[in-house]
Structure formats: structure tokens, C-alpha cells
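See structure below.
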């Protein structure tokens, strides 16, 4: 039975439609809804609702809290029943900033720590939310210890990955450089 | 751009409802429908419709054809643009038999070769088909070369995994032994 | 607040996929699931699970029970809080037989009594089940008292409508005659 | 073959999520998507994209255009192949204003003219858009000639219905009066 913890911090993944205002707002309990749609065997998922804010508004204090939660969960690496992987649901806009922060703070990760998010809220019919969550949960059992961003079929390890704002996905740093080169050309 | 090939062989994943007969039958083009629901970046998916039959009816001849397809696709390991992963859609009943067959025939896999299937047809509202396909495609980028079954959040490498018919999922051989022990106890 | 009663008798609408057998079987509680997906204002829906069998196996005894339930529910036509419409979920194969039976037995209907069903089980991704249920519930507020079959955007009053087995829908008797004429032509 | 025309004017029903801005914007082609999800027999649907704006921004000039379109479509009442019903997709905020306007301008309607909309965009997972569209299309075959708003299982004829902003639905004028009475009490 693989134990993993899902940490929610907010982001587009949780945006919900407010009928009266006609706008999108953040809502918490969406993680439970998403998990109900996945068939996960021999996996125990703990969920931790840390905060619910747009990552554009994240401060270092927020990142410090996330780091604190990760530290807390990875306290007992030798414990066979302990946490074997962490998935952090994060807004995509500053997800890589948090990835770099965790990479700096966590000298030697003992488990995979995976950041993921969604370009389209889960409440939308066509959303990448469930796909990315699914890949991230799966990845906790196949990636080596480290800090990663997982989405859209890919896993990129920190340091280095960035958000490609045009395409709305995450890319390796080398791809980022060649993209810039092409545009300047 | 990661190139992977999806080989369809049939199975529950493709079962479709025949209104006139009121029963389920196999239908091919479902893979394209499923892929349309996934957002895969930097991944090129080739699809190969090899056969469309219930795996309960598989013969060694069918397994030999699957092996032949795998050999064909993995012909050029040094080619950077070549096939980097194979996902085989297979009926769950004899998926592990094919897994063992491929394990015996392929001495040194150069890429991940992943078998997956579904307990509930994709055409059903609640189906594990898309989840398992998603995990398998993702896994081609995170697992080491070898033969695997991927489903329900887990990856099990051959030789050894079996189908747990009670739970409708795949388990490692060690878990299989302890399950039998518990039942006999 | 419009009060209507939904009577379930079984049929394709309720067919569910049995993973172990790999076949479709009837299951009851699907009506509640469907109702949860509809947003119905000022309507109170009572549900009555009368039986759960394939309509191909219906006997006159079953039809008599359905008639008995309808009689029971329409006992107090002057009661403003009483039942204002009945929707009967029925297998499509012999739905019209039940419609004719009710037409003969119920001399002067005081409310709309609507039979409906589905060509594809609700559990399938592409199903007409919810659409037909929705139209039928709506129809209880817009049709004059009488016995009807409602499906696929249409309402046909008994006596007369039949199932067009080729197209998998219901048609007026006049259309049935011209279809036969065309085929013989 | 019942001919009906669907007139799109915009509204919440068509709001779509803009990944880059992270907001909702209006998009046209959604009607075709919705129609693909309905199984409508013996019904021919013509679609007319008149405008695509939030109904809060409607002016009398916009309403005049809608009236013009309705007049154009109902020009030949004796023509058996002519338009037998009109469904107008409209923002819910000022839908009733347009209903009253059409009621005043169209002295003697020869077909049902139905206004409908959605409280939640069709692009959201939980949306009333398809349900209301379905009910409205069905209603063109069951309601007497007149101007109506159809949504959430109900049909209300103009003049008189209003939007109940608290509940997010439409109600008859008498219900509106008693609601106010209750609140003042």
C-alpha cells in the first residue's frame, strides 16, 4: 500500500464558476471530487488543504509554508508505512518558482515531490486537471527522489523547468533557450 | 519531441454497445477518441491497429504478431527520432501471459514496453480506460527499459505480475502469494 | 410546485456493466443518479421502483401492475398538491405495447402519463437516457392529459405510435405505414 | 420532419474559458457542439448566429434585430415545410425583457417562440445549458403558439415571467408577487 500526500494550495485547478457574479472563484473541496474519478489500487491518498490562493499572489511566506509541510511529511524516511510521495497542486503561473525554492531548501529529497497544476479549471468540461493529477499520482511510484513538475504527459526535474506561456505547458530549460533563439531569429 | 507507438489489440477497452443486439462488441477507432481527450505536449503518438479481439481468444500466434510489431518498432535504438516507448492496449484477462511472453522473447529491451487495458470499456461513463492509457503514455517517459503492466496508478515489471480477478487489477507476484496465504488461512 | 412521479420498470436505461462477467445487467438506483444531473425548479419528483426487468420479458401481469400504480397515483385529480404527471421508464422493445394497454384501461386520463426509455444505457458515455428523461419530465407540464411516448425530441400520443427498430426511435402510426409502403415499393 | 430554427444571441451559455487571461469570454460555435450531444429524430434544426453579446449590454436595437429575425422565419405559416418553432438562446439577465418586447411586437404568434439560456456556461462540467436547450427544442413540438421562456423543467408564457435572481431561475409573475410578500412580511 503506497502512501502519498496531496497538498492543495489553490490555483486554476480549483477555480469554480460563480453564477451570481458570472466570474470564476477559488473553491477548496475539488480534490475529493477528482480523486473519486480515479481508480487507484494499493495507494492511500492523504489530502492536506494548505491554502487556496492564486499563485500569482504567492509570497515567500507561502512558499515557506509549503516547504514546512513537505518537511513534516518526509520526516521518517525509514518508516515503510510513511509517506512515499508528495503531490502539490499549485497555480501554474508561479509553480516553477516554488519548484526552485523547494529545490534549494531540500538538500537531499528522500521521495519524489511533484508539483502540478492545470491550465483549465477542473470544473470545465475540457480540462487537463484530472489528467495532470493522475500523472502526478502515478509518478510518485516511478520517479526517483527529487523535485519535479508533471503535466501533459511529461515530467521535468528541478532545477530548470519553466512555464511556456504561449503553449500553456512546462518545458525543460534547454527547450526554453532554443525557443527564445527561434523567436529572435 | 518524444515518439511513442500505441499498439491496439482489442479487449474490453474497445467494447462498444450495439443498440440492435443490446450487447457489447469490439470496435476499433476508440484509441483516437481517447487521445483527443488527453493534452500531451512534446509527444508524438503513432497508432498501430494490430488486431481487435478479446484476449481470452488469444493464441501464441497472436502473441507472436505482437512481438513482431515490437521488434519492428525498436529496430533503431540509437536513432534519436526513433520510437522511445511502446504502449500495448490489451484485454486484461491474458495481458500478463503476453507480458511473460514478451519478457522471454525480448532479451534486452531498449525502451519501456508497457501493457495496459481496462476493466470497464471506454464507452462507459465510469471507465478506467482513459486513466490507464494516460498513465501508460506518461510512463514511457519515466520508466527504465523493460516490460511492464501499468494501470490504476501502479506499474509492475515483468516477470511476475498477475491479474487479481477479485479486485479487477494487477498485482506484484509477492502480493499474489500473500493473498493466497490469507485465503487458505 | 409541480408534483410528478417517476415509475421505474427496468429496461436498457438501467443496464450496467458487470466487470467480472463482461456483460450488461440491470441495476436499480440509476434514476437517482440521472435526477442529480438535472436542474429542476419548482418540481417535486417522487420515484417508485416497481420492477427491474427487460421489457422483452414483460407479461400482462407486469402491465397490470403498472396500470395499478398509475391508478393509485391519479386517485385525487382535484387535489392541487396531488400528482400532476407520471413518467414511466420502460424498455423500448415493448414500450408501445404497454402504451396501448394503458390507453385501453385508462378511459379518461386526468394527467399526462408519459412512457420513455433509452436506446443506450445511461452508463454509456453517449446515451439518450438523460435526454429522454429530461424531455419526459418537462412534458408533464406541457402536454394535455393522455398517454404518450416521449423520446428524441418528440411526443407521440397513444393509440398508435410504434418503435421503428431500424432507426431506434418511436414514430407516429402514419409514418409507420409510409415506411412499410416504401420498403415494399 | 419538424423544422425549427435556433437563434444564438450570446449569453452565459456560450461563455468560454480563456487560458491566457484566466477569464470567461463569449464564443460562438458552441451551439453545434451542444446539438451533437442530442439525439433528435424527425427534426431539422437550422442555426442562425445573430450576435454574441452579454444580454446585460442589449439595447432596443438588438431586440429589434431579434424581432426582425423571428418575423423573417415565420413569414409562411401555411407552408408545411416551413419553420414550426423558434428557440432563441439568450443571456438570462435580460431574457424576460426580450420576451416582453417580442410579446408586444408579435400580435398573433403562429408558432411557439421560445427563449432560453443557461445559468452556467455549457463549457462547465455541471451546466444547465444542454438541459435547457433540449427542453426548448422539445417544447417547440408541444407548446401552443406563443412567446415563452423554457428552463429547468418549466415553461412560462409571456407576458409576465421574471428571473428569480436568488434562485437563478425563471418564475411566473404570481410566484414573483408572493415571493416579495414573503420577504416583506
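As written, the chains take the letters A, B, C and D, and residue 1 is the first residue of each chain.
What we mean here is this: a residue touches a chain if its C-beta (ideal position, glycine included) is under 8 Å from a C-beta of that chain, and two chains touch if they have at least 3 such contacts.
The shown structure was predicted, so the numbers you read here are calculated from the model rather than taken from an experiment.
Hopping across touching chains, the smallest step count from chain A to chain D is 1. Taken over every residue number at the interface, the positions common to chain B and chain C amount to over half, indicating a same-residue contact. Separating the CA-averaged centres of chain A and chain C is a span of 47 Å. If you average the CA atoms of chain B and of chain C, the two centres end up 41 Å from each other.
Inter-chain centre distance (chain C to chain D, centres taken as mean C-alpha positions): 27 Å. Multi-chain contact residues of chain D (touching two or more other chains) are listed as 119. Chain pairs recorded as touching, per the definition above, are A-B, A-D, B-C, C-D.
Interface residues of chain A, counted against chain B in their complex, comprise 2, 38-43, 119, 128, 131, 134-135, 137-139, 141-143, 150-155, 167, 169-171, 175. Those residues of chain A that touch chain D in the complex are listed here as 12, 15, 17, 19-20, 22-24, 119-127, 165, 168.
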